[in-house]
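Chain IDs A, B, C and D follow the sequence of writing; residue 1 opens each chain.
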Amino acid sequence: MAKLGVGVVGAGRMGRCHAENLRSRIPEAKLIAVADVDLEAARRLAADLEIEHSYPSVEALVERKDIDAVVIASPSKFHLAAVETAAAARKHILCEKPLAMTLEGVDAAIAAARKSHIVLQVGFMRRYDPAYSEAHRRIEAGEIGTPIIFKAIGRDREPPPLSFYKSGSGTLFLDSTIHEFDLARWLMRDEVLEVHAFGGMLANPEIAKLGELDAGIVNLRFEGGAIGNVESFRQSRYGYDIFTEVVGSKATLRIGYLRQTALSVLTADGVSHDVVDHFLVRFADAYLNEVRDFVQRILAEKPASVTGEDARKALAIALAADASQRQSRSVLVPPQMQTEMANSR
Amino acid sequence: MAKLGVGVVGAGRMGRCHAENLRSRIPEAKLIAVADVDLEAARRLAADLEIEHSYPSVEALVERKDIDAVVIASPSKFHLAAVETAAAARKHILCEKPLAMTLEGVDAAIAAARKSHIVLQVGFMRRYDPAYSEAHRRIEAGEIGTPIIFKAIGRDREPPPLSFYKSGSGTLFLDSTIHEFDLARWLMRDEVLEVHAFGGMLANPEIAKLGELDAGIVNLRFEGGAIGNVESFRQSRYGYDIFTEVVGSKATLRIGYLRQTALSVLTADGVSHDVVDHFLVRFADAYLNEVRDFVQRILAEKPASVTGEDARKALAIALAADASQRQSRSVLVPPQMQTEMANSR
Amino acid sequence: MAKLGVGVVGAGRMGRCHAENLRSRIPEAKLIAVADVDLEAARRLAADLEIEHSYPSVEALVERKDIDAVVIASPSKFHLAAVETAAAARKHILCEKPLAMTLEGVDAAIAAARKSHIVLQVGFMRRYDPAYSEAHRRIEAGEIGTPIIFKAIGRDREPPPLSFYKSGSGTLFLDSTIHEFDLARWLMRDEVLEVHAFGGMLANPEIAKLGELDAGIVNLRFEGGAIGNVESFRQSRYGYDIFTEVVGSKATLRIGYLRQTALSVLTADGVSHDVVDHFLVRFADAYLNEVRDFVQRILAEKPASVTGEDARKALAIALAADASQRQSRSVLVPPQMQTEMANSR
Amino acid sequence: MAKLGVGVVGAGRMGRCHAENLRSRIPEAKLIAVADVDLEAARRLAADLEIEHSYPSVEALVERKDIDAVVIASPSKFHLAAVETAAAARKHILCEKPLAMTLEGVDAAIAAARKSHIVLQVGFMRRYDPAYSEAHRRIEAGEIGTPIIFKAIGRDREPPPLSFYKSGSGTLFLDSTIHEFDLARWLMRDEVLEVHAFGGMLANPEIAKLGELDAGIVNLRFEGGAIGNVESFRQSRYGYDIFTEVVGSKATLRIGYLRQTALSVLTADGVSHDVVDHFLVRFADAYLNEVRDFVQRILAEKPASVTGEDARKALAIALAADASQRQSRSVLVPPQMQTEMANSR
């Protein structure tokens, strides 16, 4: 079998995760090179994974003929440029979310991919988590009847470092809640029509100083009449808590868990156990499944299962939530809002 | 010790619950009589509890000199009249929620109680549930730091009978979510400033025909900046699910459970257990503790711990949620809204 | 309806529990009197429950014509004499376990009851717990297939006071594990044929000084070939932990829970909750259901559902476990052992 | 860094697991070759992992100079011969349990390793599971006080294929319960002095025809006085259930979980979730950590952390349990029993 040659853009935490999976756990892929503007970081990652090539730029990396596809895991604000460069070089693309920071950006990315006839997949990896995937399967099979209410919580144990905010990560809704917005569409099998958001700078003064929310709560109304609510919080302290619930007319599904180690401690003070602490732990399987699916679909000449259009729709909801929170009113998502929002940024 | 003579108004499900507790589980109280416009129902309840007196009206019941206090558990729309009658007869009052259907009504009830120098307690029984009570104690003690996010779910297994709606129960937010609004104030130690609500007629066509919501979701913004969300749903099918979470700057508390019987069944299809099915099961202890506290406070000449003012504030939030849902915009709670809302009904 | 007149023997913790239930929660019963050799204790209990009569002895209590039945909750070593006295006076009997300390004693109690044509029920109250009762129902209905393995744990949070041991409570197996032996027979629908026990004086030096085990572990072999194991421990510190499992050829049932308050605390150290702490909490429903069934069966002229024969068989297993532990060998239960054991004590 | 050259003996399920970990997840190791008497199986595994060399025998594999260490994962009855061959060729050895089927065999393996100055590690992989490892750490740190009671359950969802039994797998206690015997020693920090076992052929007639137990239950007495019980069952149907509990004088630890997918399904019939189904799922981390520790210790010239002596002691307990079950009596483990047992086989 011919292997798919893959390059990874970004040698940070996420880039390393993807590179490790490609290096040793996806037999159909061959990791060729990694790139990072911090060339030293790229070299370290290449050395750790025992591959030969590292580059200081996407441009340099995509010059290689033996690279068929790239995984883009650079900071969010560089996603679009990397996508355009890779697409121009006719490399298939798996890009971390958000695909771009504006709807025009997403549209440009989609257009670039379409022009080059490449696969463009977006990194909503939760769809590849076994629990979310099984939930989706059951909903598709009609097991819960009609989805009626969507609820989700996304809490980090500790906020990302301040450097993350300064690198242009996007707002809370755009960087973090966007995962829940994607799940809302995917699991409810419906589009979000209207949102209302409250936000807070409640837990972390450092983040507040940057003018960024550390907590947000978004009411959702779907086209078909269903309702929902999504919460994001940057600093739970107790753990990385990703919880989603789909209430259906016949049954309800809950996805999520808090426990990390299979150990309970029983003392005179009660029963206790630890909590999963990080998304790379919680979603280790999801990241692996995601990049495997990306590779296998390219080799099978199938379209991506998570598309630029998915990225666009989740971003539109996030931008509407931003607008709602700033303007203290409920905001319609498509189509008028999308344009308005895009223009206003 | 002289016992407190008590009469119960309303021989329905809730009236029976209170009467049973007073009859046999509160040694400081003596259940004297029950009243119901359906005199037969009152007589049956009296017979079942082996007490002598039953009456067809509050008026008749409060004529008894040996009755010091009444518990009002008639349909919601009759609460105010019963309160005014009992207050005029100088009987202490524990009234089921909502105290009245409008803010003016609540004000009238409060004024009547004040004029007669009686205790007026409102039936937010959840404050007496051991788990909620312990949560409140911990929050008061500072164990979770500053409360930041409030989340609550209130789901019935099956909706109340249609006759309940026709009896003038009030809207979903006013009849059901009002419990969560009270908890929000009590546990967050703050007042709700602004709400935004979406509602749905999603699960039960019979309820939809009556023009009533069966699902609602309400974003909350507190005066101190904290945020929250509350959901109510009439027909979960899987059980009676009351869940509350208070996220604090140091720790998080979760109150609620789904399990009823301490039995797990393990088969090739997985592990399963049953779910608590009814509020009289979930809150059996709370109802007992509530009425005991009512009795003991009167005997000790202490003021009520859950007051008319509490009823007023929870009602104001519920009315704001109603307005928000109807008008599709976020609505401020006090003070302007309260008057507007009151007037609009 | 004529009510069943009942007297309670023993004004300690268990006597009070039964008396309270009879006084106010069993409409078919009328609590007439309580007796205790400590007459002051009897008087206090009578006063607390607002009943008129208290006596210093079973003999005095059973002289009352208006007493149809007695509940015996005195220390274990006095059970047999109280049963014989009550039976001679033709009072129906609900006696706490163990019915007697020897098999001859049990035989004498059974004979006395038979001679007087009275109902003799034994206090294996767990059979009345909703979870155990539901498990039994499912097993009877064939839902788990053939029962194959029986497992049980019975742990006290703290040991009973030393005075309890000195009052002649019987050994660990006879006083505590006897509950699990009864459950083993009842849930497995089979008789225990052979046992092997190890014991320890491991946690509490005060109990060790009295020569009593604080921990014991008993292997079981059933007549039909099934196997099992039962553990008892006096001092878990973390809570009152009663857990039973029946593994069947098709499904497995687990009965038990640790949680008391429906509150979880989430901190940087993990998730924790409290644990049920006492048998009067864990089995509050069971004790009520037990005495209600006793009363209702007498009124309906039905035989007891938990019989003297059940007491005899559980005691035989306990005595065999004692012998096994002392002699460090496995011991057959019936029939030879029973006689041998009975003789050896 | 020079890598450790490793060969894997046995191309079945366990051999594949080890080979995959060595191939791609242990950077310090280089997987050189695999061997299996079924050369086709060896070739398939080599091809899947993209390594060059496959052999039909241990003898052929250990001739390679670039192989420093071997992992032995052939059927149990061939372990000893493979160990002796590898030791003679001066290859370090990680051998699956049991190291040999008799105590003499274990002694011979230990002697061979000692003579060649190689590392001999035994595959009690549970010690490397994060939950067991953390439990051990806490016990060593004194967090639970003195260990008092040891409890363990080991249940397979479905029994191994009949071919497994026919390949000479050893008895239930020797093949399966031996894991629990090792944990008992390791977690209780004590040696087992005496055992008593009941066994059954209860669930699976095919296994019964082979004269093998499908269920067994073993009482344990430790040298220091602690007691315990271990159960093994081949056919739970509901899942792969590995549960261990260490009750200490101050606190209790429980290790184990049933859940596989982080999904709960809530319907009118209750709440349900799936169960972990296989040891390769439950102990995936443990197998990886185990072989990584093996490799790292060799490179660091450290002794094995799980030794031949550990294998010997766990086997002695298993043999004693076999004897107890056959003879229906309790049996002392060391030292007399060991020799007796060894001789009797």
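Following the convention adopted for this analysis, a contact is a pair of C-beta atoms (placed from the backbone, for glycine too) under 8 Å apart; a residue touches a chain by one contact, two chains touch by 3 or more.
Since the structure is predicted, the reported quantities are computational estimates derived from the model, not experimental observations.
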item: Between the pairs A-B and B-D, the one where more C-beta pairs touch; value: A-B
item: C-D, B-D or A-D - pair sharing over half of the A-C contact pairs; value: B-D
item: Distance between the centres, which are taken as Cα means, of chain B and chain A, whole angstrom; value: 42
item: Centre-to-centre distance between chain D and chain B (centres being mean Cα positions), rounded to whole Å; value: 58
item: Multi-chain contact sites of chain C, meaning residues that touch two or more partners; value: 236-238, 250-252, 259, 266-267
item: Chain D contact footprint on chain B (complex, rising order); value: 236-239, 258-259, 266-275
item: Contact footprint of chain C on chain D as seen in their complex; value: 146, 148-149, 151, 153, 194, 196-203, 215-221, 225-229, 231, 233, 236-238, 247, 249-252, 328-330
item: Sites on chain A touched by chain D in the complex; value: 23-25, 27, 48, 50, 129-131, 134-135, 138, 143, 250-257, 259, 261-267
